[in-house]
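Order of writing sets the chain letters: A, B, C and D. Residues in each chain are counted from 1.
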Amino acid sequence: MPRESMELKPTFETLSILDEEGHLDRDLEPDLDDEELEELYRCMVRARRFDELLLEWQRSGRIGTFAPVTGQEASQVGAISATGPGDWFVPSFREIAAFLWRGGDPVDMTVFNAGWNEGVRIADDAHDLPIAVPVASQVPHATGLAYAAKLRETGNVVMTFFGDGATSEGDFHEAMNFAGTFELPVVFVCQNNHWAISVPREEQTASETLAQKALAYGMPGIQVDGNDVLAVRVAADEAVTRARSGDGPTMLECVTYRLLLHTTADDPSRYRDEEEVERWESRDPIPRFRDYLVEKGVMDEGRDEVIAEEVEASLEDVWSDAEERIEGLGGPEVMFDHVYAEMPPELTRQRERFSGIEAETAEPDEQPEAEDDEQPEAEDDDG
Amino acid sequence: MPRESMELKPTFETLSILDEEGHLDRDLEPDLDDEELEELYRCMVRARRFDELLLEWQRSGRIGTFAPVTGQEASQVGAISATGPGDWFVPSFREIAAFLWRGGDPVDMTVFNAGWNEGVRIADDAHDLPIAVPVASQVPHATGLAYAAKLRETGNVVMTFFGDGATSEGDFHEAMNFAGTFELPVVFVCQNNHWAISVPREEQTASETLAQKALAYGMPGIQVDGNDVLAVRVAADEAVTRARSGDGPTMLECVTYRLLLHTTADDPSRYRDEEEVERWESRDPIPRFRDYLVEKGVMDEGRDEVIAEEVEASLEDVWSDAEERIEGLGGPEVMFDHVYAEMPPELTRQRERFSGIEAETAEPDEQPEAEDDEQPEAEDDDG
Amino acid sequence: MAEMTMVEALNHALHHEMDQDASVVVLGEDVGEDGGVFRVTDGLIDEFGEQRVVDTPLAEAAIVGASLGMALNGLRPVCEIQFSGFSYYAMHQIENHVARFRWRSRGRFHAPMVIRMPYGAGVRALEHHSESKEVFFTHIPGLKLVAPSGPRAARALLLSAIRDPDPVIFFEPKLLYRKFREDVEEEEETWPLGEARVVREGDDLTVVAWGAMLPRTREAADVLAEEEGAEAEVIDLVSLAPLDHEPVAESVRRTGRAVVVHEAHRSFGPGSEIVARIMEDSFYHLEAPIHRVTAPDVTVPFFARENAYLPTKERIVDAFRSVLET
Amino acid sequence: MAEMTMVEALNHALHHEMDQDASVVVLGEDVGEDGGVFRVTDGLIDEFGEQRVVDTPLAEAAIVGASLGMALNGLRPVCEIQFSGFSYYAMHQIENHVARFRWRSRGRFHAPMVIRMPYGAGVRALEHHSESKEVFFTHIPGLKLVAPSGPRAARALLLSAIRDPDPVIFFEPKLLYRKFREDVEEEEETWPLGEARVVREGDDLTVVAWGAMLPRTREAADVLAEEEGAEAEVIDLVSLAPLDHEPVAESVRRTGRAVVVHEAHRSFGPGSEIVARIMEDSFYHLEAPIHRVTAPDVTVPFFARENAYLPTKERIVDAFRSVLET
């Protein structure tokens, strides 16, 4: 074989089932019962609505910066719905829809977004990791969780989420390579939403697809229409099954779009065209799925309105509940909690001194002192 | 395209010209003149011989740990000989043969291996970086050098060397991705010598080849018989030409073998079979190339002996020259040199205090104090 | 003369230097089209093009490692790490190589490069966006680290940093990015790296601070003067590596008392080195133990509590009082 | 009772703990078949198999990041970074996550993991194989860091570290790996983390050291006693995070004089924190400035000069004399 083109194994694929025009590929259509189909839809709608509320609260100064999910609901819900409660959910920072699917409490997330550590509240039996802000840094954790799941034979798989930008980080590479080498039960869900803040997908890597990066790790990769919840779900089901049966990891590239801003501190008009956004608005995963459900007879005409109202009701009290929780939270000395299992003497001393001074100088309600620290008029101050 | 297998572009290839049985593929044979062919051969022989000498000096305690090149001469010489003096050479830590090809002085390398910083001596006009010990860490430097070469339109290309193990590091990934994205004039030479210390290639990654990793960066990758200097040279020539004409980076995987130990602190019998080594000894790049040269009439029978003698002569005085240089080197306060362009006051103070104390307590010859610091009987203490 | 915020002053310096010196390039995440998430690199790409103002892939180690390669090959890269909390991704490139290239190559190469990074808390940001770990860099031989405390300093130091032949970690106090404006001379002004500045004179107490903590430290000194009639000499350290200890020592020998203020964690923080240096050369002049006013040894809390985490003016004044009382 | 080198003692601890606790796993580069480049993990793979003794791909960030994931899912990983000089590759995982998981999850998760790494100079190794940058870790809230100074300590501390519910950076002084043997009790012995030990009593001078510097510091104390008749109290700090300051303070209040010895660079090194703590709580007992005997602020030279770089016994004795003379 003096000079030969090589064939690559494993190969990788693309998948689309319900396309943007609403055309359905019946051969590929998954067999989900009506109830579950409606749950998928409801979760997508709820995530979208919660996003709106968070945005509103952010704009009125009630909460801080957050990363909206709008546009990516199908990718997240399609993927995460393939996991069971014993499986691990390893998010980055934009997984609002997946978080809700896993039973996450919007009140917690609101408390979190209002800047309180107590907003991270994970049930003892929940296999959900907290948000990971440093890009791609959670991917190795997924690999390690999966190693332990395999060694301990828990039968659980791990699903981790990250963005197109994250694929450029060394952590992505190292973690994927570990997972491939040890044939670990992980599903790597890359949400290619076309942008990493202001950097478009094409400038992130010269690779034609992100899915093909899986081949560097001897792992199957599949590029899925990320706005087609059916396709995402089918791909995720296959990947979860593969993982659970001991056949190793898979990478999904969900091709989707970040319809809103990167975070609330971002101004996308600086770097992208309205036209592009409009093009993607016409591919919105929610109406596409609604029409399918109606067509299929899963939902009657008007059912979507009912769901919208139920979703609204489920979110109605979130802000007031969050406010109430926040009022009940401890003072600033809470920051000394949970650094170690046992507080070392020096830290105890620091806390005592801190509390002493706090008692002297802080307002009785223990709010952080306003002082002259007004916020700089940060624009994108959130990365 | 509901569900499709994707075709990958760019494709990647394998290349072999002069195989281990000595069969030559005349269609692929490069057109090199006799003189250059002999130079390639001489450099390979010289690197092998220098390795032996270093090993001898290391075993007799004259120098410290080093990483032998034996077995990888064709990969290194084949690749580096495609560069010109204005091009950049960015080595890792095993590039003895490439170093010699670039005109590196064995005396310098001996001084270096004897533990003296002065062994790193790079001519003002040389475009050679010093050895990089941290695995894969030099790969981003190559990318940056290439960015500057492109921006400044110097017409130079960059060639960097690393091992199979290095492909697992995040730095490899990030640097390759940068190079692909910015279409930089770099040639990435991966010497797959089958081992990263004790970890075999198959346990390093589940990827079938290392060359296919290039596809994750939209870059051509080629897997070459790394013990076939002709094949390596052809692949390197193509890659250099591609880089120089502005068509971006290439990754070469040179499939070769580390015939000796990882470093002189390593004991390969702990982790690999003698049989495997013997199999690879029979693929030794040097006799294979010699037979080709004789066959081709480039060298007469016996010419190899002459070359061996000339090589011997060129290395004869290395140790004594190195010793002489070492004797002329400054005392320990040399360690304060070259930290900054200008020495800051505190460092000046530290040096003064250091020299004061040195003068009081150190031996007049300024050798480091022996004290009770004999070496631990380190085994693999070198990583 | 123009009134500028720190962001504007930094932006001004970059425009100026890129204009003057064709070898200066700017690279990092979102520094191009977006002009940087804080707008420090605003407009550069329009003026100098995408070859010299480079939106990179999202990879900190490569940003720093490639910058080093550029610096070795005739450029003067100014790279941005979007937040200092992400600089640890590039720590190996910084420690293993950036800081050492001059030394390793015995002067054949050097690395004229600047690594800019916003640091510090107080802007209601997410986790990892509020760190202040100066010592990670100041403990590495071969690096310089400066932190401006106002717009004028920011421009003057950034110009010097870019022109410096050695690598400079440029710590930008994001809390001050838009907090106040300052006159910044039209004419080019540079501040030598490695020089602290006395910004308020006094004979009763020496106070050392820098970056985001400087303004509140000055205010605290004013409160002290008003309320106690005691005059604190406030030193803006400016340069943490090399540490300009001389003015501190000189002052302490006069005042006999000292307070160090920083927003880094207390233990093994930069304040400890300042204390140790004073101990070594001015011990006999000390009339009271030196106090450190610092953030505690806990991770920066989410933003609702971040102002309590930071040294406040009140805490600083309290420390002044304690030191003066003993 | 058996005489062991430090390598043997560490190996013994690992065998013991893996045998006792099925959740303990060992991972890293060359820790399996090869038994570790220093043989600390020798024989483990034969006894516990390659599922629990894992030769990983060459990737430090993934080793640490995956260890964290393992720790969150019921295992107790003991990972090895082949040399501390390569730990910076994983700095972001350590700072951004390992140290914070308990805190971030408010106790829902914790990270019972050990990151072992040989540190320090003196074994004629290549560049990057001789670093001693304790402060990178001790400045991060949520981490513990211990450094044994002998075989017995090594075993007792490693057992405690593995059983600890929080992440422990385990700094192994490679200079001492095979330098001397010590009796290590057959019976299991553990040392609590966070406790310094007085290893030599004295009333004239307090000396703080740890790890590789401890033996030579003790020898220096003996020289001092012989030559000057002065008795140094030598404290093996053992634990740098949390720093066990109390025994140091207690001793300094008695002796009035102190010397800190470390092989880290001087500036912003661990010694400065020890000085600052003494300053804060024992200032009035000090009769002389505290001295630091440290490596200089230069990159560890190639090995021909490394012994001159390290604090030598002579330098330590000199510092004792200076402190006693003033």
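As a convention for this text, contacts are C-beta pairs under 8 Å (C-beta built on N, C-alpha and C of every residue); 3 or more make two chains touch, one makes a residue touch a chain.
Please read these numbers as outputs of a predicted model, since none were measured by experiment.
Peer 1: Looking at C-alpha means, what's the farthest chain from chain C?
Peer 2: Most remote chain from chain C, centroid-wise, comes out as B.
Peer 1: Looking at chain pairs B-C and A-C, which one is connected by more C-beta pairs in contact?
Peer 2: Counting C-beta pairs in contact for B-C and A-C gives the edge to A-C.
Peer 1: On a C-alpha centroid basis, what's the spacing between chain C and chain D, in Å?
Peer 2: Those two chain centres are 31 Å apart.
Peer 1: CA centre of chain A versus CA centre of chain D: separation in Å?
Peer 2: Centre-to-centre distance between chain A and chain D: 39 Å.
Peer 1: List the centre-to-centre spacing of chain A and chain C in whole Å, with centres computed as mean CA coordinates.
Peer 2: 34
Peer 1: Specify, in ascending order, the residues of chain A that touch 2 or more different other chains.
Peer 2: Counting only residues that touch two or more other chains, chain A contributes 117, 133-134, 168-171, 174, 177, 181, 203-205, 339, 346-347.
Peer 1: Find every residue in chain C that makes contact with two or more other chains and list them.
Peer 2: 56-57, 59, 61-62, 85-86, 89, 92, 96, 103-104, 127-128, 141-142, 243, 267, 297-299
Peer 1: Within their complex, state which residues of chain C touch chain D.
Peer 2: 85-86, 88-89, 91-92, 94-96, 99-100, 103-104, 127-128, 133, 135-136, 138-142, 241, 243, 264-265, 267-273, 275-276, 279-281, 283-284, 286, 288-292, 297-299
Peer 1: Touching residues of chain D toward chain B in the complex: what are they?
Peer 2: 29-30, 32-39, 55, 57-62, 82-83, 85-86, 89, 122-129, 174-179, 215-216, 219, 266-267, 296-299, 301-310, 312-315, 318
Peer 1: Help me check something: in the complex, which residues belonging to chain A touch chain D?
Peer 2: Listed in rising order, the residues of chain A that touch chain D are 88, 117-118, 120-124, 129-130, 132-134, 137, 139-149, 151-152, 154, 170-171, 174-175, 177-178, 181-182, 337-341, 344-347.
Peer 1: Once bound in the complex, which stretches of chain B touch chain A?
Peer 2: Of all residues in chain B, those touching chain A are 1-6, 8-9, 11-17, 25, 27-28, 168-174, 177, 180-181, 183, 203-209, 211-213, 215-219, 223, 248.
Peer 1: Would you tell me which residues of chain A are touching chain C in their complex?
Peer 2: Within the complex, chain A contacts chain C at residues 64-65, 93, 112, 114-117, 119, 131, 133-136, 165-166, 168-170, 196-199, 203-205, 265-266, 270-271, 326, 332, 334-336, 339, 346-347, 350-351, 354, 357-358, 360-362, 368-383.
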